[in-house]
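So, here's a batch of structures to check.
What follows is chain A paired twice: with chain B in the first complex and chain C in the second.
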Partner chain A sequence: MFSFCADPQNLEGLTWLSCYLTTGKHMSIYYAVGTVLLLLAITAPIALGFGFGGAVAARSRIAPLRWFGKSYVAIVRGVPDIAFFLFFVIALDQGFEYLRHQIKCPDWDLPIRQGNDFVVCAAAKLPLSTSPQYVHEIYGFFLAVLTFSIVFGAFAANVLFGAMRAVPKAQIETAEAYGLSHRQTFWRILVPQMWVYALPGLSNLWMVLIKATPLLFLLGVEDIVYWARELGGTKTPQFTDYPHPDWRMWYFFGLLVFYLCFTKVSEIVLTRIMRKLTKGQATLGGEAQRREVVA
Partner chain B sequence: MSCWDTIADYALRSQGIGPKLLPRSDFTLCQQVTLIGSGMIWNIYFGVLSLFAGFFLATTVAVAKAARSPWIRKPADWFVFIFRGSPLFIQFFFAYFLFLSLKGVSPAFAPLTSAWLGALVVLFLNTSAYSAEIFYGALQSIPKGDIEAADAYGMSGWRRFRRIVWPTLLRLAWPAYTNEAIFMFHSTTLVFFSGFPATQQRGDALYYASYFADKTFNPFVPYPILAVYFILLTLTVIGIFGYVNRRLNRHLPQDRKQSMKLRMNLIR
Partner chain C sequence: MKKLLLSSALVLSAGMAFADAHGVVRLGTEGAYPPYNFINDAGEVDGFERELGDELCARAALTCEWVTNDWDSIIPNLVSGNYDVIIAGMSITAERDEVIDFSQDYYPPTASAYLAASEDVDVATGVISAQTATIQAGYIAESGATLLEFATPDETIAAVRNGEADAVFADYDYLAPVAEASGGELMFVGERVALGGGVGMGFRESDTELRDKINAAVTSMKADGSLNALLVKWFGEEAAQY
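Right, the complex of A and B next:
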């Protein structure tokens, strides 16, 4: 990276460290931080969408849809989340391959599950075995996003379902008295008002989502945990210009500090948003703000 | 081989009692149910011990957090912030490699690098921090009248804490604490997926479930089995904590009784 890094043997102290932390391999861990942020940025809106769908389904007047919504919310409560992560990645992958298999190879007559193997025709493989490495990585990341969205969608559904019920009943009754249809009441009265009630739950969910990102490692994505283990392990002079003993402890200490800073910053930002949103609201928080201004 | 034989062979496999080799092919449903159930022993072990020990540390930290002196309050604040602000998964990894380095310094630290003690320490500190926050919240919402009444009776210091503050604190915190307990049992599944090795394939329930899922490439059998086990465990925890809740509130008039409202569990 820097010009003085040409001969690592002669470096000492901080200069050595600055060279060490900017080697090509270390760039991968910085990219991995980007991957984590990208995952958060993509997952959050999709999970919110899933959550909205789930909450609407749980409130539906059509019984099967209601059952589906309710069980979607309920099932994540009793079972460890990490089990879902491990389950969905394989299940989704097999589901997609099975669907493609049905479409692309209709005249295939062997069973798909042969003993301990899951066999689909070559054209149905996802991604195709001929495709380049980056396609495999993107597909893995895509599966991870979908898995995170399904699990966190259930959490968000729970929060939004509660928020929809927290909207004062009088508001709905007034809308009905004005002759608004069920659909109109939902979109024009309920949805705009529910966000204030949902925000504390959703911001809590955001913190939890941040803390769930290291689980990407379990889904086979090369994320920061992967690189911390990889880079921290003992390195001998044989393979690198920067030999060192087992430094994994320090790498994970770095990750710990990274996550602490990340949650702290989110906390500060979310408090600000909450302050903005409560302004002028007829809630306890809004009332407290009014009193502050007067005083 | 009948199912009873399988149970006799593998029921204690997670503790190292039983055949050395795990089944390798032709997995029967019975084998999966037995081995995953055997793994549950670890989950219960970690959950029960860390919750029990964590309860005491949590009470101490909660009281320290409410202390006036910054010398007592600040360390408690930091303790809670560090364990609640970072992912448990990273805590496990960091602790494991820390213990490994300590082992290099002195062999006295060797037991800490194995899951039964090392992971237990991490889970204990983690649940203490989460419970401390719950207890601190409850401590802040103890009715002023209760304290004033205690003062009027001439109670102070330890006696007031033991007779008035602590029971009220428990009553207020109990529903949230139940949630924390459920959640704690779920967190125990992370142990063998982070640094800590499952020596001789003695793992917890999720370890065996993922073993079967990897071998059979069929996630639709082992994970639902695991789910059933955990739902049963969750119901048991709710039952026990509900009993304690009724006992804590038994002197209150019927309409003031708090019903147990359970919140959803979240990843930590």
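Right, the complex of A and C next:
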């Protein structure tokens, strides 16, 4: 990166470090930080959407919809994350390819399962084996977002389901007394008030989601923990210009600081949101705010 | 993200026009096993297998692309079609041959060795570290020693340095540069053990066409001596040759 980095053996101290930390390999870990943040930014709203849908389905008056919502929550919450990530993603990928295979190659006569192999026609591969590497990476990332959303959506559904039931009954009855329809009651009375009950549970989920990002590597996305381990491992001088002993401790310490800062910032933001949501609510927090104003 | 998805959808549909059986051959490797394969300072796959793979693809007139995958799931991801070839210092064994197909060996049957932090380690009864799902781990499990498994090669050596294991058991060629760089801190102990039927590339069993192309390329590299030249370049003068 810098011009003085051409011959790292003769460098010392900070100059050496500045060259070491800007190698192409280190760029990969900085890039991975971006990937993790992007994943969180995309997954959180989608998972919340899944959760909202799941909660609405679980309390629906239509029986099949209710069964669907309840079994979604029960199944996903009951299966260990790591099993879900290993099995579900391969199944999902093969499911997509199987569907495309049926549509694009109707006259293919070989079996799709040949012993251990899963073989679909070339046009049905997802992504196509001809597509450049970045398409494969985007596809992997997309699968990761979907899997994380389904898993965390189930937990969010449970939290929102509980929050919807926690809204004081008197509020709903009053709405009905005013002649609001079921739909109006739901959107205008129930949903705006439920967030204050949901937030502690949702903030918990957000923290767990942040810490769950290293599972990305199971999905073939190279995340920061993978790179920390790879970069920190002992490097012998034959294969690198920057040999060093086992530095994994320092890299993992860096990760620790990163995750702690990130969760701390999250906590501050969530506390602010909580204050806002509490305003005017018939909860202990809301009551405390009212007293503050009076005093 | 919407834009990204849209553009990738465009690329997908554009790619379809000239998709034949093997437009691009994807080579899967571990990237953590120097000198066979490793990630270099620039963040790219490098090593003996990188040079070998590129040369084989050139000879077989294939367009190749490198992908890294961790060792544990390297076979499942091959059979489910995420890449087409495993080229990761994988020894040819009967158990693996039941699941995947191998090319002819491009590295003669290798010797595995014990590397320890002191001369008087008893490799027959001590605690020996090895990488999960390798022939070395299988060998230690059957011997009288206590097996300590790790997911990456680097961790098996770290275990010896920090005293968790008495010795590490791995391919001699992987351990040799480590021993050299340790400046006498780590040393070879015990006998070397010949394991496996050489190192080969792994293919899906249904993918005989690609395997035959690569096999022909390996044969031509063995015939003109260019494979031997690569072996000497990466493993030194005393490396086994064809």
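Some points to look at:
Criterion: the second predicted complex is superposed on the first by the 279 of 295 C-alpha atoms of A that agree within 3 Å, B and C clash if a C-alpha of one lies under 4 Å from a C-alpha of the other, contacts with A are read in each partner's own complex, and residues count from 1 in each chain.
In this section, contacts are C-beta pairs under 8 Å (C-beta built on N, C-alpha and C of every residue); 3 or more make two chains touch, one makes a residue touch a chain.
The shown structure was predicted, so the numbers you read here are calculated from the model rather than taken from an experiment.
Superposition of the two structures on chain A shows chain C clashing with chain B. In the superposition on chain A, contact is made by A:V208 with chain B only, not with chain C.
Residue contacts after overlaying the shared chain place A:F118 against chain B and chain C alike. Legend: residue contacts after superposition of the two complexes on their common chain; A:G24 is shown touching chain C, with no touch to chain B. In the superposition on chain A, contact of A:D241 is made with chain C only, not with chain B.
Once the two complexes are laid over each other on the shared chain, residue contacts for A:I90 go to chain B and to chain C alike.
Within the superposed three-chain model, A:L256 lies in touch with chain B and out of touch with chain C [touch as defined at top].
By the touch criterion defined above, A:S3 lies against neither chain B nor chain C after alignment on the C-alpha atoms of chain A. 90, 94, 115-118, 217, 229, 246, 248 are the residues of chain A that lie in the contact sets of both chain B and chain C, per the superposition on chain A.
Residues 25, 27, 81-82, 85-91, 93-94, 97-98, 100-101, 185-187, 189-190, 193, 206, 209-210, 213, 215-220, 223, 226-227, 230-231, 234-235, 262, 264-268 of chain B touch chain A in their complex.
Chain C meets chain A in the complex at residues 1, 4-5, 8, 11-12, 15-16, 18-26, 31-32, 34-35, 38-44, 46-47, 65, 67-70, 76-77, 79-82, 84, 99-100, 152, 154-155, 157-158, 161, 177-178, 180-181, 204-207. Against chain C, the residues of chain A that register as touching in their complex are 23-25, 27-28, 38, 42, 90, 93-94, 97, 114-120, 122-123, 125, 127-133, 135-136, 138-139, 142, 217, 220, 222, 229-230, 233-234, 236-243, 246, 248.
Residues 73, 75-83, 86-87, 90-91, 94, 113, 115-118, 155, 158, 204-205, 208, 211-215, 217-218, 225, 228-229, 232, 246, 248-249, 252-253, 255-256, 259-260, 263-264 of chain A are the ones that touch chain B when the two sit in their complex.
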